[in-house]
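Below, each structure is written out as structure tokens.
In the two assemblies presented below, chain A is common to both, partnered first by chain B and then by chain C.
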Partner chain A sequence: MEHTSLLERILRGAALTLVVIFFMFPIVWIFMMSFQTNETILRIPPQLVFEPTLANYTALITGKLMTAAGTLDIAFMRNLWNSVFLSVTSVAVSLLLGVPAAYAFARHKFRGSEDIAFTLLSFRFAPALLVLLPLTLYFQKLGLANTYVGLIWVYQLICLPLILWIVRGYFEDIPADIEYAYRIGGHSWFATFRKIALPLAGPGIAAAGLLAFIFAWNNFVFALVLASADKQPVTVGALAFITSSGIQYGQISAAIVLSITPTLALALYAQRYLVEGLSLGAVKG
Partner chain B sequence: MTAVVSQRHKPSGFRISKRVLPYVLSLPALLVCIGILIPFLTSVVYSFQRYRLSQPWARQFNWGDNYISFFTDPKFWNTLKVSLLYAGTTVVLELLLGLAIALLLQKRSTLNNFISIMLLMPLMTAPALAALMWKLMTNPGFGVLSYLASLIGLQDFRWASSPSTALFTVVLVDIWVYTPFIMILLLAGLRSLPTQPFEAAALDGVPRSFVFFRITLPMLTPYILTATLFRLLDSIQQFDIIYAMTQGGPGDTLTVFQVEAYLNFFQSTNVGRSAALMIILWAITYFLSNIFIKNWLRLRERARGQA
Partner chain C sequence: MASLELRKIVKRYKSQTVLDNLSLTVADGETLVLFGPSGAGKTVLLRLVAGVIDPDEGKILIGGDDMTDVDAEFRGVGMAFQNFALFPHMSAFDNIATPLQAKRSSQGAIKAGVESVAKLLKIAHVLSHKPRALSNGQKQRTALARALVGSPPLLLLDDPLRNVDAKLRFEMRLELPRLLADRGATVVYVTQDYKEAMALGDRIAVMAQGVIRQLGTPEQIYREPANIEIARLFGDPTINLLDVKPARDARGIYVGLSNVQVYLPDAPGTAVGRDCIIGLRPEALHFVDENEPGAIPVTVEAETPLNEKIVTLVRTVRGREILVSRPAGTPGRSEGKAHIAVDGKSALLFDHASGERIGSKNVLNLRSGEAA
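Let's look at the complex of A and B:
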């Protein structure tokens, strides 16, 4: 149908190849580094062919790092667990709070509803440190400093606006007539919500949850400011790990690989919903 | 089971009136967030105070002094300059690159879909971790990029550790992470455009540059605006990449707003100055987000209309 010259096809192919190399190379390279010993990593020129080793991963998983000077403890598994726990709990709390609110905003136009919805949205765009820095002082007074409860509360700033605005869109897509028909059958609003609205919006809610999980996992600044070593997720832990372990580059790479794998895997799984989630429901994929 | 069924037909004693229901449903979400509004107000108060954590006894209101001193403070002007430069460069480059890639991938094919999914991976990498990845690759001792730079004659290219190339390096990481964001939004936009204008143009033999500038670009504008404003809002507040890569250094080369406020708070413990910086940044983002929300809403209504 379309006439494209050979030259144009070659140029397009070359451009796409460059794009793929630029965006994929860092991930591939760090992945390769994670299977190398420090000696091969430090070799110049960098090696493309090497004897792969699992030593970096075993050191991280057992938490013991053998060095010439002796054995070093690595707390990286603790960071990984913190990331899992903080992200899962934050998303669960966000879903519990956000889904009913999203339903209210979608189905009932009540006084102040748009204002409230936009206030929640504006949290997504305000500078994080604006609230985080005074919050450190408050948290110390309230005894919430360096606690999971405090962190999960603050993580709502990431998860709630996302869940609210995406799920709201899915509820709006359900024709109201279906719900009316069910209510006329003598069912309460709660039964309607549970039996009709929730299942129909189910895939959207799941997608919003996955995306909120990715954003919570990838967050850095909240935990940097509010958590000490034992509560820090991988994003903050990996940075501390670089300073403390000095030159253990293989282990650092392995730690990075373990830290980014969950979000990459989830993103591939949820990629159909990614466009909608990233634009907070403004663009459909 | 029977009890549940019979209850359904009986008017139950506990029933929430229709007017109150939406408030009851949205109240918990709101309450959780209101707790966050208090620190915001505290920030405003701090910004009008002389407040150093190291000298709590000297804490007092100095009203506008924190703000007025900015005018003669070269560090503040540096912060403003670097923040705007960072945001401007990243957004313009990411927009051009993202649009180019979206156009390359526009046609639906297995290969194009596969590539567009692959390109999402940098976007799903935590920005702080992405910065660490690039830090490893630009290490002067063994970094593969330092080696490649030396191959093309840049013998002592210092990446983020030299003041002259630090901005370039963090902008590069930002481009790596966030170009896919613009790409994926514009790709969705391109693929949702109506086909008739393009078929008509092809039938009339209209030159392709004309089609691009007079049909594609204007129809894509709402998507471009939303994607750009989204990025601009995030980029002017960038913290993760810069902090993880250089902590704002070398010197004060990269002390953008949030990094400078963080360092002011935790290193020089100057809470007043830190809060004033954040209020100025908030004013900038508030202005931008008002423009943003109008565009975003328009696009959202369009997307919902299609459903």
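Let's look at the complex of A and C:
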């Protein structure tokens, strides 16, 4: 072990504390705001001690927003459900399409394979706003505007390239000999894909899936333009808190807390699949 | 029946020809060793037979059936890889069981099969371990067990002892021949270790640059190497090579070594007057008394005892360095002036320009086909 002096340890501790405070402060502040009314939030100077209230959460869950100008209906729980549904389905579709495609790109060099893979990646180059207008027009013609199917389709632009390129790298890292050994043992290529390639690329697939989920969950602009109120996810739905009688900071905070919960839970769950070194000891050299 | 026949195999990678019109026949039950430096095409050849890569030209016949276009899983061969290629997410038991599972054997049959082969290879006590918990030797045995478990009629072993330590390699070199013979399988064994090749092969195919340079029994390869390259690869210490120009007198063909005429009773007449290289195995040289006929004066430079033999480096009057090997415990010189004599019968003559052995009966045209 490296020897560290007391001073060094104190300085290191202080530096770490500073970094943690810097990054955690907004989240902690939002968490605290979600238990306050608009009046206590806007009080000057801000106060650390307050009487917590669950009113914000109740309003979100019941869908009745009390403002100075009267009661407003908000569809936050509907938005949250939309977010969950859109993100989960999009990632599922992307995994279904992307993982076999990644395997094909990793294991078979066919004519134009690099070009196709690059084209798929290039979907991420264009700014979303650039493709939105033509996309909206097409979608209206095709009857896909304001449908879940249409949104999930567009979300593939976000998820598919990500999954394809990350998972491809993981497949390429599996020594081909391991797969050859399984095939020579008498198994079909599909069995080899299922029993050897998929489990060994598991951590990569989990990582790519999680990332794609976060990207899909945080998407704003596609859903803003292509979906109306009943199909909108939380990112767009949060706009409803900017009302004619003011911005509802308390409800926004509560909404943020509620909407980061699923991603956080998923990340914590997926963490154990993200372990490296599963393939350690497979081959020598 | 699982003879193996390769007919005019060609394999190219981009512009490079890895296997060049190669033909080879391995008889049923025979162990053929593919020997050669890395890059010779040995591993590619093995993979072609296994069916994980396809030849550009030529045919592969296993047991007389054309398998050229048959997928790997239907060829019924067993293969052990140089890097073991174990499945890291499965226990040793499951690793070994995979070929049996593919055959849809019953649970009981799988268990019995795995356990018997594990016992044979002395890994029964580690069957529940994942590969990462196995030592290199155990990994190697697991990989071997996986290749053997389905009793494939054709076994392909790709330098399986490459990555294990010297002690285990020595043990396995002793164990393997019996193990393979008991199975009755046809074996193609790839190695870069000439001792392994000599110990295991019924025949050895020496490969270089995508072609077979010589095919023969270990004895033939050692006694009658087709060219200098092969003579150099087989034998430890390596063969002594000296420039000579054979001449003939009333007693026969001789070469001049340090102004001493050394007669070569078996030398072919075609060698006379040509620029040649003489190959002298270190064990074909011995220390003799000064007044013995054919005694060549030398100076002893260094002596290296190697357990069962002693290797001496000597220098001739012309300054050429020669290795002399003698069994341990036999008399010799360890310093100063000495004399050596050459066993002319075992001397090999190579053409200086081409490196081919002069009078080699083994110059088969392996590129065009008939190799047996």
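Everything that follows uses one rule, which is that the second predicted complex is superposed on the first by the 229 of 285 C-alpha atoms of A that agree within 3 Å, B and C clash if a C-alpha of one lies under 4 Å from a C-alpha of the other, contacts with A are read in each partner's own complex, and residues count from 1 in each chain.
Following the convention adopted for this analysis, contacts are C-beta pairs under 8 Å (C-beta built on N, C-alpha and C of every residue); 3 or more make two chains touch, one makes a residue touch a chain.
Everything numeric here is computed off the predicted structure, so don't read it as measured data.
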Which chain makes contact with more of the residues of chain A, chain B or else chain C?
B
I'd like to know which partner A:171 touches here: chain B for first, chain C for second, both or neither.
neither
Does the superposition put A:199 against chain B (first), chain C (second), both, or neither?
second
Now for A:213: first (chain B), second (chain C), both, or neither, which partner does it touch?
neither
After superposition on the shared chain, which partner residues are touched by A:97: those of chain B (first), chain C (second), both, or neither?
first
Counting only touches as set out at the top, which of chain B and chain C does A:259 meet: first, second, both, neither?
first
According to the stated criteria, A:187 is in contact with first (chain B), second (chain C), both, or neither; which is it?
both
Going by the contact definition given at the top, which residues of chain A touch chain B in one complex and chain C in the other?
186-189, 191, 278-285
Complex interface listing, chain C residues touching chain A
47, 50-52, 71-79, 81, 83-89, 98-99, 102-103, 130-134, 136, 139, 143, 146, 150, 163
State the interface residues of chain B toward chain A in the complex, per the touch definition above.
8-9, 12, 15-16, 19, 21-23, 25-26, 28-30, 32-33, 35-36, 38-40, 42-43, 46, 100-101, 104-105, 115, 117-130, 132-137, 139, 141-142, 144, 147, 176, 179-181, 184-185, 188-189, 192, 202, 223, 226-227, 230, 233, 237, 239-240, 243-244, 257-258, 261-262, 265, 271, 274-275, 278-279, 281-282, 285-286, 288-289, 292-293, 296-297, 299-300, 303-304, 306-307
If we count contacts the way the header does, which residues on chain A are in touch with chain B in the complex?
2, 12, 15-16, 19-20, 22-24, 26-27, 29-30, 33, 41-46, 96-98, 100-101, 103-105, 107-108, 110, 113, 116, 118-123, 125-135, 137-138, 153-154, 156-157, 160, 164, 169, 172-173, 186-189, 191, 214, 217-221, 224-225, 234-236, 238-239, 242, 249, 252-253, 256, 259-260, 263-264, 266-268, 271, 274-276, 278-285
Residue ranges of chain A in contact with chain C within the complex
175, 177-178, 180-189, 191, 196, 199-200, 278-285
